[in-house]
Structures are given as C-alpha cells and as structure tokens.
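Next come two complexes, and both contain chain A; in the first it sits with chain B, in the second with chain C.
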Partner chain A sequence: MEMVVVAPPASGKLEDLKRRFFATPLQAVVSLLSLSVIVFLVWKLLNWAVFSAVFDASGGADACHAASGACWSVIAARWRIIFFGLYPYEEQWRSALACVTVVAMTVLSCIPAFWTGRRIALVWGLGAAVFYVLMKGGLLGLSFVGEEMWGGLALTLFIFVTTCLIGFPLAICLALLRRSELPWISRTTGLIIDGVRSLPLISILFTFAIVLPFALPQWLQGDKLYRVILGSALFFSAYQAEIVRGGMQGVPRGQEEAAMALGLSYWHRISRILLPQAMRNALPATINQFVISFKETSLVVIVGFFEILASGNAAYGTGEWRFAYVEVYAFIALIYFVFVFSLSRYGAFLERRMSVGER
Partner chain B sequence: MFKLLRNQKVRNALLQALYVGALGALVLAGTLIARQNLAAQGITSGFDFLFKSTGWDLGFSLLPASANDPYWWYFVIGILNTLFLGSFGLALATLVGMIVGLAQTSANDLAKLLGRTYVDVFRNIPLILQVFFWYALITHLPTPRNAHEGWGMLLTSRGLYLPVPNVGGLAMLAASLAAVAAIVLPIWLGRTSLLSRPLGQRTSVQLAAVAAALVCAVLFLFVGRLPDTPLLDLPSLQGLNLRGGLRIPPEFSALVVAIAIYGGSYIGEIVRGGFKAVGKGQVEAASSLGLTLWQVFTLVRLPLALRAMLPILANQYVWLMKATTMGIAVGFTDFFMITALTINHSGQTLEAIGILMAGFLIINLSLAALFNRINKAIALKGNQLRG
Partner chain C sequence: MTVPTTQEIAVRVEGMSKYYGTFHALRDINLTVARGEKIVVCGPSGSGKSTMIRCINRLEEHNAGSIMVLGTELNDDVGNIDEIRREVGMVFQHFNLFPHMTVLENCVLAPMLVRKMPRVEAEAMARRYLEKVRIPEQASKYLGQLSGGQQQRVAIARSLCMQPQIMLFDEPTSALDPEMISEVLDVMVTLASEGMTMICVTHEMGFARRVADRVIFMDAGEIVEEAPPEIFFTSAKSERTQLFLAQVLGH
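Up next, the complex of A and B:
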C-alpha cells in the first residue's frame, strides 16, 4: 500500500484569518455583520466628534449651527460651570486643586504599600482635610466660601469621599454587629441592613434631605448637604457591611479559635486576625461597591444639589447653547467614564493578582 | 451589683437590651418630635388623609385619575406605574442583555469586541445621566407640525404616537390574552404528560393550538370593533395638536430606553458569566451525540446557563426595579414621585414615607419570592455528581 502524505496547509496570515472569522457559513455571517456594525459606528462617531465638529469657541453658537458635527465649543465656553458650578471665579483654582487632591488620594490608596489600616486612614483623613480647607477656606489667608456655593465636579467628589469616609467604618461596625453572638443584636442589625438595602437610594436621600428635619430638634439639623451625605453613607454602609461580612465568612474558623486559645482580647482578635484577612477576601467586591457608589453620587441632583450633572444641565440650559445638550452630556459621561472605568479595571487587575497568590 | 455584672449571661442580656432599647428610643424620639413639629404646622397624624381628594393632576397614569380622586387611589396608580415601567424596562433589558451576553461568549472575536465595548461604555455611565440624555433627546425632537413619520407612527417632542386598533377595551383584553395563549400553549403542550403522543412528536398538535389561538385573537378584535370607525386609529395632525392614536409620553420612553440600555449592560455580564459556567464537557458531549448547533444551544447550553445565572439575575431585577424611582428626575409619576408630591401637598410626611417603604418592601420581597420559586423549580434534583 502506498502512503499518501498530504502536507498541512501553510499557516499564512490569510489562512489564519479564514480560520478565525470564516470557519463556517454562520461564522462568516456573524463576522461580516459585526464588522459592518463596527465600521459604521466608528465612522459615524469619528465623523461627528472629530471631522465635522467645531472646536473653536470664537465662532460662538452660530458657527455650530452651520456645522453638521459636534459642537465642542460649548465645552470651551462653559467648562468652568461644569467643573466648578457657582464657585467664585477668582477662587476656582482652589476647587481644581481640591479635585486633584482627591484623585491623588485615590491613586495613593491603590498602591499596595498603603494597604495597612493606619496608612489608608491617614491618606484619606489627610486628603479629606486638605480638600475641605481648600474648598471652604477661612484659613491660611483663603477667603471663606460656604457649602451652598460649591458645585460641579468638586461637589461630586466631596460627596463621594465623605460618603466613603463615613460609610466604611460604619460598614465594619454593622458587619461586626451582625455577626455578633448575641441574637438580639445580630437580628436588629440584620433588620436595619436589609431594610436599607431594600429601599431605593433616592428615597433615602429624599428622607434625609427633606423629611429628617422634622424628626430632629433644631440644634441637630445641620446643613442639608451633610444630612444627604449621611444618608448616602448609610446606604453605602448597608451594602458594604454585607461585603465585609462575606469576607469574614471566608476566613477559616480555626483562625479565630487559635486567636482565642492564645488569649487575645476581642479587639485584638478582630483588628489583628479577622479584619486583615476578611478585607483581603472582600477587596474586589469592595472596589466594585466604590465604583457603584461613585456613580450613585449623581442622584443628589434630585434633592437639589448643584453637582456635575446639574451643572451640566445648567451649562446647556440657558440661551444660545440650548441645542448643544448631546455634547454636554457626552462630556460629563466621559468624565464619569474615566473615573469609573479606570477604577473597575484596577479592580479586575487586583482580582487576577489575588487569584495568582492563591494558586 | 458588680458581681452580677461580671456574670456573662447577665452582661449579654444587658448589652442586648441596651442596644435594642437605644435604637428604639432613637426612632421613638424622632417620631415624637416629628409629630410635634407637624402638629405645630396644623397637620394631624394618621391615615385619614388617604380618603381626602388630592387636588392636583397626574402626568401619567394607566387608570383614569382626576384631581377629585382620593390619595389612596393615587398611590395605587403610582404603584401600577412603577410596575408598568419596571416590567417594560426589565423585559427590554433582558433582551438587550441576552444579545450582548451571547455576543460576548461567541467564538467570533469581532462579535466579542462589540459586546465588550457595549458593556464597558454603558455600564460606566450613571443611569441618571442616561435618563437625562434620552429625555433631552426626545424632547428636542421636532414639534408635532414637523413630526417624523413612518408606518403610521409619529415621532415628536411630545412623545411617540402609535396607531391603535379601534376596538373596545374588553375585546382588546381578550385578544391580548389569546395572543399570550398562542405563545404559552405550544410550550405547555410540548412538555405536558396529559397527551398520549410521545414527546418530540407533537409539532402538529402545537401548530393547531397556535392557529386556534390566533384565530380566536382575530375574532375577538373583529367582534369588539367600535362601530362606524376605521380599522386603525391613526394619529394625525389637527391644527397645532395631534389627535388619535396612542401617545407614549417622552418621560416614559426615556426611562424605558435608559433602563433597557443600562440594565442590558449589567445583564449582559450576568449572561456571559452564566454561559461561561456551563462545562465544556457538556457542550462537547452534546455535539458528539450529533445534535445540531441550535439543539446544543436550546437543549444544553441555555438551560444550564440559566440555572447558573438566575440568582444573580434576581438581584439585578430588584436593583432595576428600585431604579425606576429615577422617574422623578424627568417627571414620570411613579410610586416615589407620588409619595414626594403627597408630602409636598398634604404635609403627611411620616405616613407617606411609611407607605413608600412598605410598598418597596412588598415589591422587592415578592420579586425575591418569585425568583426563589423559579430557582427551586429548575435546580438540580437529587445529589449525584455532575461535571
């Protein structure tokens, strides 16, 4: 018998392409359909946002009416109101610096060298203090600017940072209370957590902003901004508490029993043995929760705050720029996207990094 | 006394009493102060206000409502509106999510890229921003005079106008029930044990059932026709206004589109996870048995993926249901907005907030209970090992 040896097909680029995208008729159809959608969308987007867009602000709104593409001059004309809201014009560098502080703080807390309880608390405490002094002034020769003048990106970041600063310790407290061995304490805490979680955030913000003043004595009411931050921190902590509790459940029981056998006190057991391991388990979900709560700060627009979304509405809402709403929303969406996407990418990176460690 | 405090049991009981008592006292004090404050404004507490007429009008309602109607009726309408918006939004979001998820799990790199990009873009932009965007887009459409027209529909800044058949309400309901039966009947016939015919050989019975249901639907529509009117009620321009047809207000469509797109990106990720959880061996075994691609998908991959993603999907549905409260941002009179308006107009703050909380608790708990039942029904029976 004669052996027939067929040489394998040369694995050229074309063959590779055929194997990847045109293996079966169905594959070919899907490939062509996807490719045409991608080309169409990319072309449309580029054409709108770059090729036929107006970048020059000197023409004013009239130049935009003539063009068929995006009108980025609205951003050039109104970026100050989007970023800083009603903050006094001469002092807006302070607002900008405060935003940079928050970004720096977030970047610092993403570096593993800062992942001890003390360092992270120091970074966030110090960052929040610098932010507050910069924004409010009245110190170090900075002129005083009340909270009612804050707005735009700075207000969004302020609400986010304070929500996390108040919410995180509260979440740990709630998680510890819920896993308490005393049945009434754990049950009551569970009721609070589940109750808050079952409500929409808007209704909680609304309650804290508008209803709570009725239920508090005059001297306890405080500013509406801080009440709303408290409400949003409560909501954050209810979700975060469940994440922390999940992390605690991932810690083997033997760890705590060993600590007990060594005679460590409750606080030492919690702070030295349980929490470090639990936080490690809970880290990916925690970052996800930070991402969600950053997106949810935008809801304060409903209870009447001038954060970035509301200032965006104001930026196009008056006079000549009334038609340029798509550009303004696209710009704000881009700001959110940059923050949220980089944070969630970082979260995904961490998850991979940690799963390598466990192998 | 101090000896007593050293006793573990006594100490535990004291601690618990202190904790629960302190929280209870806080709530009680708040309620008392609020009642006092409200009484100072001349508002008496209690649920009597539910039976007073409201005196303000609703923007959107499924049932007839006027300013003379009592508050309890408005709350019912609000809950209905929320459920209506929620079910539309959830259904569309599931559809979008299914497509996106399938694109992400497909073997084709281009489709994968499309799905991935969709998820990354829409998941990272806050929902409320998307609601604002769609609302602005719709309200900036041309005025009724220069409306976009197509297939009898009109697209204007006042909303989307659809043609509706000129049929009485009862006949319409019967016809839609028949249409639902046309979908449900063949599925039921395909799996019931009441039929003696073996499973898999029931196509003719199923087709007959579908045909019968569709004939019934058409019959209902024909019988219920309003006399002396054309078959379809087409929207048309009369003077400065639009007459006829069914108007879908911009608030509603903006919210539905935003929820569908945003929810779709989350559900897409859940669907992707579900399909990834299906063992490779299952798919390989199915195709080596000679099943076609479609059969592998409907009989093996989809059921197994569904089982894996259902619990997470339930959470997502609850979240999206709560997200309908964003209606207040564009003026859609959902449950939350009715509550806020009630507080503004009647001042019955505590009662209204109580109703809101109870309402959402009931909605969320029933959604959770429904999904638990479905979950139990499709969970693996027995305890044999399966890979």
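Up next, the complex of A and C:
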C-alpha cells in the first residue's frame, strides 16, 4: 500500500481553492465542467438582462422587437400600473406616499427604541390614519377614491400590514384561550383553529368576499376589501396561534410558578414573563409565517382586487406590450424579494438581539 | 411548648390532604408555624415535602383541610391568594429566574407591578438586597453570565424585594455544585438571624442543626416526626426517621 503523504496545511486562498476543487483529476474535471456551465449561464443572463436589453422607453414596444435582450422599457412605460393599479393617474402621488408611510411605519416599529406600548400605538395609529386619509381622500381637499380603485403595491402592502395587525393579536388571544384550564374553552378554540387551518385560503377569501354579504345585514358588511382582510387575518391568526402555542410550550413551567409566587397577576404573568419568552422561541417560525402571508396577498386577485401581481398582468396585458411578460414578472419578483428579504434579515437581527440574555 | 396566639401565627395547616388523581400525596397534614420560627422539612424524595410547602402559596391546590397564612384563609378566593402570595416569598430548586431580564430587572419587576413602587425606589431597594446577598456588582448582568450559586442568591434577593413576611425554600441547594452550596446557605443563615419566618425543604442537615427551631420529617405524604434539632438528630422516636438519618448522615 502506498504511503499517504499528508500535505501541510496550505496557506493562501489559491492553495485553499486548489485543495477544495482540484484535489484529484476527476474532481478537477467536474469542477471545470461546473464552472463553465455557471459562466455560460451567467453570461447568457447578463447578455439578456443588460447588454442586449432595451432600457429607453422612448422607442416604444417596436424598439424591443428589434433587440434580442430584455425589454425593460415595459417597466419604464408601465410602472405606474404595477405600483398603483387602477388608482386615478393624477392622484397616484398619494398612493406612493401611502406606500412610503407603511414602510416608514414598519421600519420605525422595528427599532427597539419604539418598543413601548405608547410609542408603538402612536406610530401605528398615526401611520394608519395617514395611510387611510391619503388613499381614500374625501377630506383635506383630497378627492375621494373608493377602495375598489386601490391597487398595485399600495394595496399589497395595505392588505399585508392590516392582516398582520389584526391577525397577530388575535393569534395571541387564540393561543392563550387554547391553554385555558377550562376544557370547553380550550377545546372550542382548538376546534376553531383546526377548522380554519383545514380550509384553503382561497375558499376563505371567497367566502368573506362573496358569500358573507348574503348572510350579513347591510350595515355589518363593510367594504369587500375589509371583509377580505378580515378573512386573511383569521387565516393568519390560526397558523400564528399554533406557532405562539409552540413557543409557550418551550417556556419552563417554573417561570410561571416563580411569577405566581411573586404575586404577579394573570395578565402580568402573561405579558411580562410568558409571552416575551414564548415569542423569542417562536421567532423563526413567526418570520416564516409573515413571509408566507406577504406572498399570499397575491390570492386576493380571485375576488377582484388588483394587488401588485394582478397589476403586473394588467401592465403587459395590453396589445402593445403583450410579449414582455417575463420582464414584468422579473420586476415584480424583485419587489417581492426586496420586501421578503428585508423581513428575514430583520428576523435574523431580532434573533441575535434576543439571544443576548441566553448566554 | 406554649401555644402561640393568633397574632403570632404565621402559618396554620389543619387536616390538609392532597390528591393527584387517585394518588394520596399528602395525608392529614397538621402544622403550625409561629412568626419568626425556622422550620426545616426533610424526608426521602417523593415524601410530599415540596408539595406541602407549595400548597402554602397555592402553587398546588389542597383538596381537604384548611390553610391559614398570616390570618388569611387560603381558598378559591383569588383576592386571598394574591394577598398571601404578596407576603410569602419562595425560592426554588432550579432558581426560576427570568432569563429575558437582567438581575436588576428580575428584582424590581414584582415590587413595581404588584406593590406599585416607583422604579427609582424599587431599584434602590433591589440594590440593597443584592448587596445583602453579596452580589451588588452583578446587577446589570443576564443569568447566563452567573454561576448557579450566584443565580440562587439573586433568586433570594428577588423574593426579598417583595418584603415578604414568610420565606419558603424548596430544596434551594439541591441543584448546585458542592462548592456553591455554602454561599447560598450563608445567606439563608443571615436571613434566619434577622428573624425571618422560614420553612425550608432541604437535605442540608448541618443547616438544620444550626438554624432550625424545629425539624420535620416526612415520609409517604405524612408528617412522621417533629422535634427541635437537638432532639431530632439524637433521639428520633420513629424507626423511619432513624433509618433516613442513618442514610443521610451515614458518610
């Protein structure tokens, strides 16, 4: 048998690369092959997206037909539809400002300095009011724009944020009710949670948008948009409730006993001892749920709302740009990515921050 | 032994029983603790000693008999339970400190929420008690940075911050490494010397000898023997007690 000569640990990046990818002839071949495939794909992509692409909208759709690459001019020409849907053209600055408000509100409430009840309530109360007045108008000299005209990114953000805003407290209530010591309360809550979870979101949205008006008196119906938001919040809360309950199960029994022994009331035990620790345990799954909910807002198209994805369809849907759907979807994917990626990075920040107490 | 008057009674347990399903965990417990008295409860594991002291602040519910704490009957009345818990501190085997808060926050939480004490005042008091348990320098740390003995002393300080009239100790040194036991016992001895009413479940017989006014031996959910330490350790009446003492003190 041959002696295996162990090379001394190589220093430097080049040596390291050599050891990882070119250790044996076979490995070298596989590495080179993979590398050439990657280079080829990246070149094709760059060629399509950048080098042969048309960026200038002035040539119109015809300029794109002549070029072999991507037709970004569709974005330049139709971005207003993607962002604002059917919102009246003259008033679209209001929709843009409303989007900025939601983003600002979310960013503010992600900053630890704002994590007191009063500040969070102030940020959200004020933000919601500004958003609503901007979008709907009808006062302060702003013209009235009904909910059926809302669309695009503003609508997606509105549905997502309100879903979470209603769904999250509801989820905590459901999770607390489910661990009630009274069996009829915990069983009923369990039944509700399991019932909602066993239904597809589409059927819930459909029920709330189309079927509910037949069952409810006129004054209770509200606008279709708010019924849809309630439906999606209910769906969100059923899943989130189980996530919170899982988090609660991870908090040792002794924590609550210690809080009881100190004389803390039920609500103080829940709000100061149980929930903070449960939410820490539940954080990764919670971020996951937020991400899923953000993407699921696209389902409201089936009840006739033009959120960002449906607005995108409308953007290329006219005859002139019909060929440019790939570019539109790529652009919308980028927007989704920006929001979802920020969300997950924020989750990672929270995890790091919360692990301070652990060790 | 003189019978203490109602004013002087801290805890009176009469004919108390406790069941877990069909398992009879505590049988006809009778115990009267005077103010300022130090009781050590010992016995083999599963004898019901922890369950008994956990009944005194209603971490466990008793099924029969009565418990009076500082003149208040412990029953289903939530007001009574809250009143008793405010006046009875408890130290646990596994510390049960709140890991998402600093040492200082652990200490000021209950005084601020339950006693409505202003933060400045609560923090000043917390620092006094942290000094008393000899860890004033750890106030801004989280638990992961503290040893077991330090954590248990924080837990004692946290209880003291509620300024309780009675302290319950549920095996406070059982989860500690041997070299940390004495630092916790020292704090408990100091507390005892200041006249705190204490009921301690512990296997530390040296502590019992030194501090206890009475030692109680429990087995199979019953109080088997009850005597001052000098008598308890030298001339225990029951065979079960003698066997237990032989096992505990054997080495």
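By our rule, the second predicted complex is superposed on the first by the 317 of 359 C-alpha atoms of A that agree within 3 Å, B and C clash if a C-alpha of one lies under 4 Å from a C-alpha of the other, contacts with A are read in each partner's own complex, and residues count from 1 in each chain.
The working rule: a residue touches a chain if its C-beta (ideal position, glycine included) is under 8 Å from a C-beta of that chain, and two chains touch if they have at least 3 such contacts.
What you are looking at is a predicted structure, and each value in this text was computed from that prediction instead of being measured.
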| item | value |
| --- | --- |
| First (chain B), second (chain C), both or neither touched by A:20 | first |
| When both partners are placed on the shared chain, which of chain B and chain C touches more of chain A | B |
| Touched partner set for A:184, first chain B, second chain C, both or neither | first |
| First, second, both or neither for A:319, with chain B first and chain C second | neither |
| First, second, both or neither for A:337, with chain B first and chain C second | first |
| First (chain B), second (chain C), both or neither touched by A:309 | first |
| Touched partner set for A:207, first chain B, second chain C, both or neither | first |
| First (chain B), second (chain C), both or neither touched by A:37 | first |
| Overlap of the chain B and chain C footprints on chain A, listed as residue numbers | none |
| Residue numbers on chain C that touch chain A, as the complex places them | 57-59, 82, 85-86, 88-90, 92, 94, 96-101, 109-110, 113-114, 142-145, 155, 158-159, 162, 168 |
| Residues of chain B that touch chain A when the two form their complex | 12, 15-17, 19-20, 23, 30-31, 33-34, 37-38, 103, 106-111, 113-114, 120-121, 124-129, 132-133, 136-137, 140, 293, 322-323, 325-326, 328-329, 336, 339-340, 343, 349-350, 353, 356-357, 360-361, 364-365 |
| Touching residues on chain A, where the partner in the complex is chain B | 20-21, 26-27, 30-31, 34-35, 37-38, 177, 182-185, 188, 192, 195, 198-203, 206-207, 210-211, 214-217, 295-296, 298-299, 301-302, 309, 313, 323, 325-326, 329, 332-333, 336-337, 340-341, 344 |
| Chain A residues touching chain C - in the complex, by the definition given at the top | 252, 254-255, 257-265, 268, 272-273, 276-277, 280, 354, 356-359 |
